[in-house]
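Shared chain: chain A. Partners: chain B in the first complex, chain C in the second.
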Partner chain A sequence: MMLRFSGLLLRYVDYQRTISIAAPTLGDALRQVETRFPTLRQILRDGEGRIRATHRVFINGELAPAAELGTPLADSDNIEFLTAIAGG
Partner chain B sequence: MADLLWSQTVSEAKAALEFDARWGRLMTDINVDAAAREAGAIPIPRRFFTRAGLLGLQALPLPPSVGGEALDPVSWSLALERIGYLCQDSGFPLVLGFRAIIAQALFETGRPDVIERYVKPVARGTLGIAMAYSEDADAFSFRTTLRRTAAGYLLAGHKDFMTGGLQADVILTYARTEDDDMVACLVHKDDPGVHVTPLAPVGTRTSGPAALDLHDVPLPEERIVASVDGLSHAQRLLNARRLTVSCAPVGRARALVELCVARLNTTVRHGQKLGEFPNVQGALGRMYISVEAARAMLYRAAQRVADGEADPLFDSLVSAAKNFIAEQVRSVLDETTRVLGGYFYYGDPYFGTCMRDFAGLVAVAGTQDILEVNLGSLVRTHTPPRVGSQHDNESKKEGPLP
Partner chain C sequence: MPRSITFDTPTDPVQFGPMQARPRVLMGLAITSLARWFAAYLVPYSRILDEHHTGFAFTTVQLENALPDLRFTDADWYTVTAHVTASDSAKYLHLRTDIEARLQAGAVGSRPVATFHADMRVVTVVEPLTLSGEPGVLPKSLFDRFLPDEIYRPDRSAITRATTPPDGNEIFRDGDTEVVLYRSQCEVADQWSFIEVLERLTANRERLFVGNAAPADVGRLAVAQPVRKTVAVFHRAMYVFDTCNITTRLLASPDEEGQLAFVHTLHDPAHPGPCLTAWEIVPNPPRPQEQLPQKVAQDSRAYT
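Showing the complex of A and B:
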């Protein structure tokens, strides 16, 4: 499947907008990409390993509310991360 | 009788009358020295927040179990707009609105100790609370840390600015942990190692703006109110702030139009009142459009929150409303400058106050540019691809370029 990053997340994946991964679940896909880009983990996940609520995850263009790491994925899936945060 | 100029539903008119009956006197009293406080950058006195608590204003949107009236977001927005219309001290609605947001967030922890120790006193107006989030860094590069030692937790770092910091007894702040997460925690102003320094901002100078320094502040574990994903915790508060911070300026913009008209109707040039010149009336028309457009956007966003349909972390409509309102109220002020000329510049320092205060709306709760970038990325991501459009079909017919 294809993982897509944009905006402020790009910095943490060496500005690669798309990363191709073969993984059975969202959690496994993330683990693989975090192995390549270790700082991404602290950005994407909280201290308990869950995806931070500030990140929106789209699977094949559909918003996946409260995306679970166990979400099964197929080879043809597109996963996009979008982060909308602002200052005080 | 309905107002034939300004849009106001019957229930809105009733709410305004009720507001004036309950808190009109408080607004009048706050106005007495508002200009002098603004000129001297003197924080609005705590006694006004104590009275706001005593009279039930501070607790309005909070649950009845903590002394509130559980006012819905639309009605609370109307109340804040009314404050903006009546109150000449911009610091008051700014601090009042933010305290309510922080109290609500603390209430939502569900912890009886937090509710008793902090939420109820804030609702009563006897405890001042502020939020210190921003640093001179992006959110993923904050330098304020919470570290565990043999003797307990220690908090260290610097927060560049916080609204209402000078009137606060307790500060909700955010720190990175050793596992690179972020926590939300409460520090007391009298904790050892806590230093609050007054700031001299461009506008909203009575709001008690301050910087926060934390020098190895010992932090009892129970003061941690969000132990994981403090970033999302902060974004929830800032999203809510985007709505509340937009309300009072809308009321103030309408008051500004009326102040402007009063001057235009008593100033004569070339044998005519200024208000009778067509170009001046055109400006007044544009000011009216700006205020009404800002109101429409504000209440559509507030209704979305009231309906439970808003994204609690970054709502597109709430963010768009803050962005739009900031531009509209600044546009009203710009038109005022044009029609009043020298009087705007020299005649009444209140115009300068509005100019400085409205400038703050560009930056507060997410700068205009950041909101626009976020909104644009959401529009792009949320918009489904259009298939079979005329353009696509024509392109396919033509085939690839050689």
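Showing the complex of A and C:
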């Protein structure tokens, strides 16, 4: 599947807009990307390991409810990470 | 009375076009006035972010030009006065900035140039590297520094009125223009800067004059008169390198007789709903043939 990053998240994935990953779940896909870009975990997840409410995860254009990490993924899926609000 | 700050700054020619003071400069002075008020009565803006983990998302801004045709040589100095108030829920701030122009010598007093209003939603920063945040309230240590006169109860009906785009007969509707937000148009969190994104919408109005973007009459209306008022309502933030579409409509506005409204909508093509709606009010100019005799007469006098 393809993970897509945009906006302020780009800095933490070395400005790669898309990253191709093979993983059975959203959580597993994230772990693989975080291994390559360790700071991303601090950005995307809270102390409990959940995706922060400030970020939205869209799977094939649909908002994933509460960003369930156990959501199963297929090879053809597109996963998009967006930031809701930033305080500037 | 809310406490205010006042500062003077000399003008320079880059702050002006030939027809009027540049709105982006006036809005830049307004954001500077916000930072000065914070520094004077709360703590410096950077400390609010870094130590109090609090930021502000602009929800609406309005710039009303009292002197829409102010020229560079009309103003040696700007005098900027501002005050900030907080809602009783500590969820919102309101900034009012008044900008006046004065001449160095030979003039009595100063003249109002523009008034700027901004409403901001308080955001709690939950992650310090990206400054990503969620809707929050002012920390008590900051809220307690507001005086009783600086606390307000939001007027919902006034907010609705202020954030409703003008209605009127549609004269022209432009197709989508695709634009990319670049880093020079963003702020410290790589999120759009309201000043820069409004500048981009202004450019979309002027684009109607260029090439075949619009009929010649519409193009002339887009550039011939100074803007009297700019209002923007921010629905959802966009970030650096995001691609968005802008649609511009020209309306004959019945609420303000003799006025035209250029209404811009900016949206993310990948997600439903507008990210930003903004409108610029300009006077409906007289037709060129009505203007011509007077102009010719003036020119004749000049050469005799």
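Descriptive notes on the structure:
Following the convention adopted for this analysis, the second predicted complex is superposed on the first by the 87 of 88 C-alpha atoms of A that agree within 3 Å, B and C clash if a C-alpha of one lies under 4 Å from a C-alpha of the other, contacts with A are read in each partner's own complex, and residues count from 1 in each chain.
The criterion applied here is as follows: a residue touches a chain if its C-beta (ideal position, glycine included) is under 8 Å from a C-beta of that chain, and two chains touch if they have at least 3 such contacts.
A quick note: this is a predicted structure, and the numbers were derived from the prediction, not measured.
Contact with both chain B and chain C is seen for A:61 once the two complexes are overlaid on the shared chain. Residue contacts after overlaying the shared chain place A:74 against neither chain B nor chain C.
In the superposition on chain A, A:6 makes contact with both chain B and chain C. By the touch criterion defined above, A:48 reaches chain B but does not reach chain C. Chain A residues 6-8, 42-43, 46, 52-54, 61, 80, 84-88 lie at the interface with chain B in one structure and with chain C in the other. Those residues of chain A lying in contact with chain C across their complex are 6-12, 39, 42-43, 46, 52-55, 61, 80, 83-88. Residues 49, 54-57, 123-127, 129-135, 187-191, 237-242, 270 of chain C are the ones that touch chain A when the two sit in their complex. The residues of chain B lying in touch with chain A in their complex are 131, 133-134, 138-140, 161-162, 177, 179-181, 227-229, 231-232, 234-235, 238, 241, 313-314, 319, 364-367, 370-371, 373-374, 377-378, 381-382, 384-385.
Of all residues in chain A, those touching chain B in their complex are 6-8, 42-43, 46-48, 50, 52-54, 56, 58, 61, 63, 80, 82, 84-88.
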